[in-house]
Amino acid sequence: MIKASVIGATGYAGVELIRLLASHPKVELKNISSKSFEGEPINKIYGNLNKYSEKILTDENSALEDSDVVFASLPAGLSEEIAKKCFEKKILFIDLGADFRLSNEEDYKKWYKKDFKYHDIHKEAIYSIPEIIKYDNFYNKKDLKNAKIIGNPGCYPTSIGLALTPALVNKIIEKEDIIIDSKSGATGAGRELTLNTHFAECNEAFAPYKIAEHRHTPEIEQTLSNIYGEEIKITFVPHLLPINRGILSTIYAKLKNKNSLENIFNLYKDFYKNSKFVRILNIGNIANLKNVKYSNYCDISIHIDERTNKLIIVSAIDNMVKGAAGQAIQNMNIALGFEEDAGLNMIPPAF
Amino acid sequence: MIKASVIGATGYAGVELIRLLASHPKVELKNISSKSFEGEPINKIYGNLNKYSEKILTDENSALEDSDVVFASLPAGLSEEIAKKCFEKKILFIDLGADFRLSNEEDYKKWYKKDFKYHDIHKEAIYSIPEIIKYDNFYNKKDLKNAKIIGNPGCYPTSIGLALTPALVNKIIEKEDIIIDSKSGATGAGRELTLNTHFAECNEAFAPYKIAEHRHTPEIEQTLSNIYGEEIKITFVPHLLPINRGILSTIYAKLKNKNSLENIFNLYKDFYKNSKFVRILNIGNIANLKNVKYSNYCDISIHIDERTNKLIIVSAIDNMVKGAAGQAIQNMNIALGFEEDAGLNMIPPAF
Amino acid sequence: MIKASVIGATGYAGVELIRLLASHPKVELKNISSKSFEGEPINKIYGNLNKYSEKILTDENSALEDSDVVFASLPAGLSEEIAKKCFEKKILFIDLGADFRLSNEEDYKKWYKKDFKYHDIHKEAIYSIPEIIKYDNFYNKKDLKNAKIIGNPGCYPTSIGLALTPALVNKIIEKEDIIIDSKSGATGAGRELTLNTHFAECNEAFAPYKIAEHRHTPEIEQTLSNIYGEEIKITFVPHLLPINRGILSTIYAKLKNKNSLENIFNLYKDFYKNSKFVRILNIGNIANLKNVKYSNYCDISIHIDERTNKLIIVSAIDNMVKGAAGQAIQNMNIALGFEEDAGLNMIPPAF
Amino acid sequence: MIKASVIGATGYAGVELIRLLASHPKVELKNISSKSFEGEPINKIYGNLNKYSEKILTDENSALEDSDVVFASLPAGLSEEIAKKCFEKKILFIDLGADFRLSNEEDYKKWYKKDFKYHDIHKEAIYSIPEIIKYDNFYNKKDLKNAKIIGNPGCYPTSIGLALTPALVNKIIEKEDIIIDSKSGATGAGRELTLNTHFAECNEAFAPYKIAEHRHTPEIEQTLSNIYGEEIKITFVPHLLPINRGILSTIYAKLKNKNSLENIFNLYKDFYKNSKFVRILNIGNIANLKNVKYSNYCDISIHIDERTNKLIIVSAIDNMVKGAAGQAIQNMNIALGFEEDAGLNMIPPAF
């Protein structure tokens, strides 16, 4: 059993990590830390927890003690220092925040208004959507199996990268005019209280937010550009759904030539034939959030608008699992040589 | 007081008509009919109703008796005959179904799998989104003030036509590559029981449906083409939202030239300066379904993706009011010479 | 047209008052005030508003200027002073807060931890659920038609008082062992951000709160005791529903004797025969929140558990209308000699 | 690995069984059958499933082949025959329907309008809420470890039996005037399409149903009477919550004597000290559906209304897990000598 610790354990991604690690066959949860709730038992904050109910939240430094792997889920700028400490102590560090997602420091500065503090540490990091890492491992093309620091992708970039990669690798779509209309459940906004996520304001409501200015934009473009081999600029509009979980992205791209739905379906099916978590739906079916909730699956359905020769791709993930904690564990599994789906092979509930 | 009757009174648009007509200062509800519930009092079907609780549902023909205006909300192909009878009896007929929405019979055949039965009757009809009718009155450019038969637009076409008209009239966007990503509440699917609208399958779920093949597509394209003066083909993908009411459309179009947000905002503001129901939101605000629920408003917000030179328009309506019963009453008001907002000037609730 | 002003206009009851007053045929909205948003236009806070979009929020004192009636919706202890000023200026004052609900100062001290500051002012006040005021006007049995200060009841007490009054007046139930299990939508908790009303914590969740210790308990008991003529103690448990609006109370009482459902139904029907807002449902129907939303109705259904000889009463109101702003307007209508339902005769939507 | 089959596999309890059995360490899913979808692969009906996506739905008889245990989830009256066949073939049979829940055939006749067909088979059956079976095993007090036929309890009776047992065993409450106000999520109504569970009619709505006449009433009373040793009659009112999962019961009982909350808490804590699934919440906490979703836990909180000397017990379960499929697997685990929580030790998600 390896020992895993979680920093930022009382945020939504943190508590989801705790839940998923609890049923991992090769992991023992070691330490959990929280700035806001240091000294309190975790079940005072989360009534759903039981197995770990008496575990006390520690400070950040104590969380590293006696750990083989450390997960952190913190606001931008707060993970670098922990990454450095872990690296020095030879602890595998997996960051669910934004600090190790952008290879280009200028992009990080522009979108997150912060600098890289430890440039050496960034050179050790690997950014990984495991299914497409071979097209998108910008950090020195290191091998995930020997990773020391892993930048776990954002939820939107995961849902979009998986959806577009086969089309970009096979160059069947134009790189211009890609439109991405994404919709996310309210847990994507985290546990912080805001008017937008106040029940009576969010329920029975629906709207986009951060139109064409969401921080995940450069991360998405970085992935798509790496995959395609040329710079790609996208139009990205996220929306807030009045549900708890899930991201559904509806993606519009221009087909380079006339192409049959069957051809493209086969190409996608083939691309992901060894993937345990990406499910390409049969022609005629449409990806739906309800089929991936509480699981690490990404469901993708492929459609063509014959009248305008557009490829329409719909992808659905659980933002807290494949979009955060689940993918972090998937990355850990590969890095540590476990089965890729260890602790992640749960079937999504029907409702 | 004029006398209004409703055919198809127990469908969702029908009962919404009853509710709205009840507070119209110049209308008395006369007859209500329903094939499924003929002979029953309406409040046996709808517990919310009171004022009309003892009104008995009749058959279709009886509904015409002693009426000045008849509204029908029926499946495609069933309104033509009633329109003919009303026309002969000089009763104003307003169709909330699809029979008088498409000028081109071939389109109707292709998308609805039916023929026009009474071609003469179609020549008497007017299709009307009142705010833009002068650009889109394909039925012989008749005057709405003397209308005999009115084709009330679909919910999606209303939300989209209002959003795109100022941009198309002013020719600031390309006619190619318009992408329309719409999201509708569950009342849009009506009262018929389906697995998709079964609570446990719809709640906490989200997905598109009828991707690039929704029947409102030709109606949307007809409006946009009429406005622009050239044929326009769009890509249209509707989604089902797990809420009761509302349609929010996120529309992506390519700007012909660089243009400032302020310019376009002013152009929209000016275009709708006399409109009682279209609200152009101040720059920086985003249209949200919660602000138009239970009202006849259409909220529109304008955005530019500077990085890709796209115009992004967000429009929000209540699908049952501005998208159905409210707009039908607005059309009636104009046709009969009432104030355009008679019975429709309610403020949407905050929640 | 009389001039009405609203203090605490940006709270949920405040904005609902603004919405309802806007369609009142005899009222002009004069001033609106807000401590938190003084100096801002109301539509910056509430995007739903239009008619009053440019109205600027003032301070409390300015709100009284040039007003015939002032509504206040404020935390306990803050209304007394305003009541005093209004009384001196001969402005009708209607308090939607708790300051004029309890006749017994000891109860107020015990449950609200505050004192009455102006005892004289309390003597001028009338507490009024209009349909049952003749049984429950503890403040000197004054006539509502000449009221100067009105204590508008709490939402739970309204739903419960209306449900139990006919049974208590007719003495068909025991005064012991009355159990009241109430369920309220999330707007009942107001606009203040709390973890309980954070979307992801409230949605798909359900639980009671303040079990047997809710502040409305003494107000409910005061009403029931006044009606019955003897002291009544109840067991009251409120629950938080993951919906926006409505209070449904399920009330259990022991029948004194065997009694037929028909008898009791007739007794209720008769009791409310002149009421415009209380609807006694036909035997076999069950009160449902969906039939009263956005209206001033209180739906009541009557049931008997023959096996245990219990009377079960179900009552449903919209907590923001009959439970707050609507009832306040109903009280104003009576006090000023308007039709009781002026501005309140809207039909609830079916969905 | 033992081989388990599911009859009625496409109902909501059936598909939940499939999901849970999939992660059971000692079970292999063998056959699945469905009258409505015979011959189709299960993933055509449920898009969430993957592992078993190609499994074909069979007829009922084929489902028994090569099985060690058979679960059935069928309408009343359809399980007896299967139970008989399983018994003859020495297959453990677990019925999630109502056929083996009532010991008294008269009750079954009265509430389900059917007869027992095979009286011998009923003598072999065991009814089991495992945590309290020693007080409530009416079917000949057989040992669950050698069970051949198990009657799996209803969802409401499970939530209520667990909540009241410690109080009844310790005789601290009166047997009269027990009021049970339960609220269930919409999956409790199953997959059948009804107007009550049509999204727009169920969402933002709330009401009781089958007031004092729900079929679970005799099952609840049977359990409570068995536990107490005297006949108990209750008042039971279920409500439909607009959420997917969960049953929360608020239970009101009269304390025989004055008693301290601490005493009763300790008594409950002690009663369930060896239980893996019942969690008695610390004093001051309140059971909430959100903390038990997707798990086999039953959370119970204890409260006293000092003013009226009532004990108030709140219990929360997931109706599809502890209220159906999970408890069926728990029963199987005990009957087959597995760990009681094998396949059931998942932590509920926080949201």
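Letters are used for the chains, namely A, B, C and D, taken in the order the chains are written, and counting of residues starts over at 1 for each.
As a convention for this text, a contact is a pair of C-beta atoms (placed from the backbone, for glycine too) under 8 Å apart; a residue touches a chain by one contact, two chains touch by 3 or more.
Because the structure is a prediction, the values reported are computed rather than measured.
Q: Match interface B-D to one of B-C, A-C or C-D, accepting only the pair for which over half of the contact pairs are the same residue numbers.
A: Among B-C, A-C or C-D, the interface that shares over half of its contact pairs with B-D is A-C.
Q: So which chain is the furthest away from subunit A, centre to centre on CA atoms?
A: If we average the C-alpha coordinates per chain, C ends up farthest from subunit A.
Q: Contact counts by the stated rule: is the higher one at A-D or A-B?
A: Most C-beta pairs in contact, of the two: A-B.
Q: Need the CA-centroid distance for the pair subunit A / subunit D, whole Å please.
A: The separation of the two C-alpha centroids amounts to 37 Å.
Q: Averaged over CA atoms, how far is the centre of subunit A from the centre of subunit C? Could you give it in whole Å?
A: Once rounded, the distance between the two centres reads 47 Å.
Q: Roughly how many whole angstrom separate the Cα centroids of subunit A and subunit B?
A: So the centroids are 39 Å from each other.
Q: Give the residues of subunit B that touch two or more other chains, as numbers and ranges in rising order.
A: 12, 187, 200, 203-204, 242-245, 288, 290, 293, 351
Q: Within their complex, state which residues of subunit B touch subunit C.
A: Touch list, subunit B to subunit C: 12, 15-16, 18-19, 22-23, 46-51, 187, 204, 244-245, 279, 281, 285, 288, 290-295, 297, 299, 345-351.
Q: Looking at the complex, which residues from subunit A come into contact with subunit C?
A: Against subunit C, subunit A makes touches at 12, 185-187, 191, 193-195, 197-200, 202-204, 242-244.
Q: Any idea which subunit C residues touch subunit D in the complex?
A: Within the complex, subunit C contacts subunit D at residues 177, 179, 181, 183, 200-201, 203-209, 211-212, 233-235, 237, 239, 241-246, 248, 250, 252, 254, 286-290, 293, 303-308, 310, 312, 314, 316, 351.
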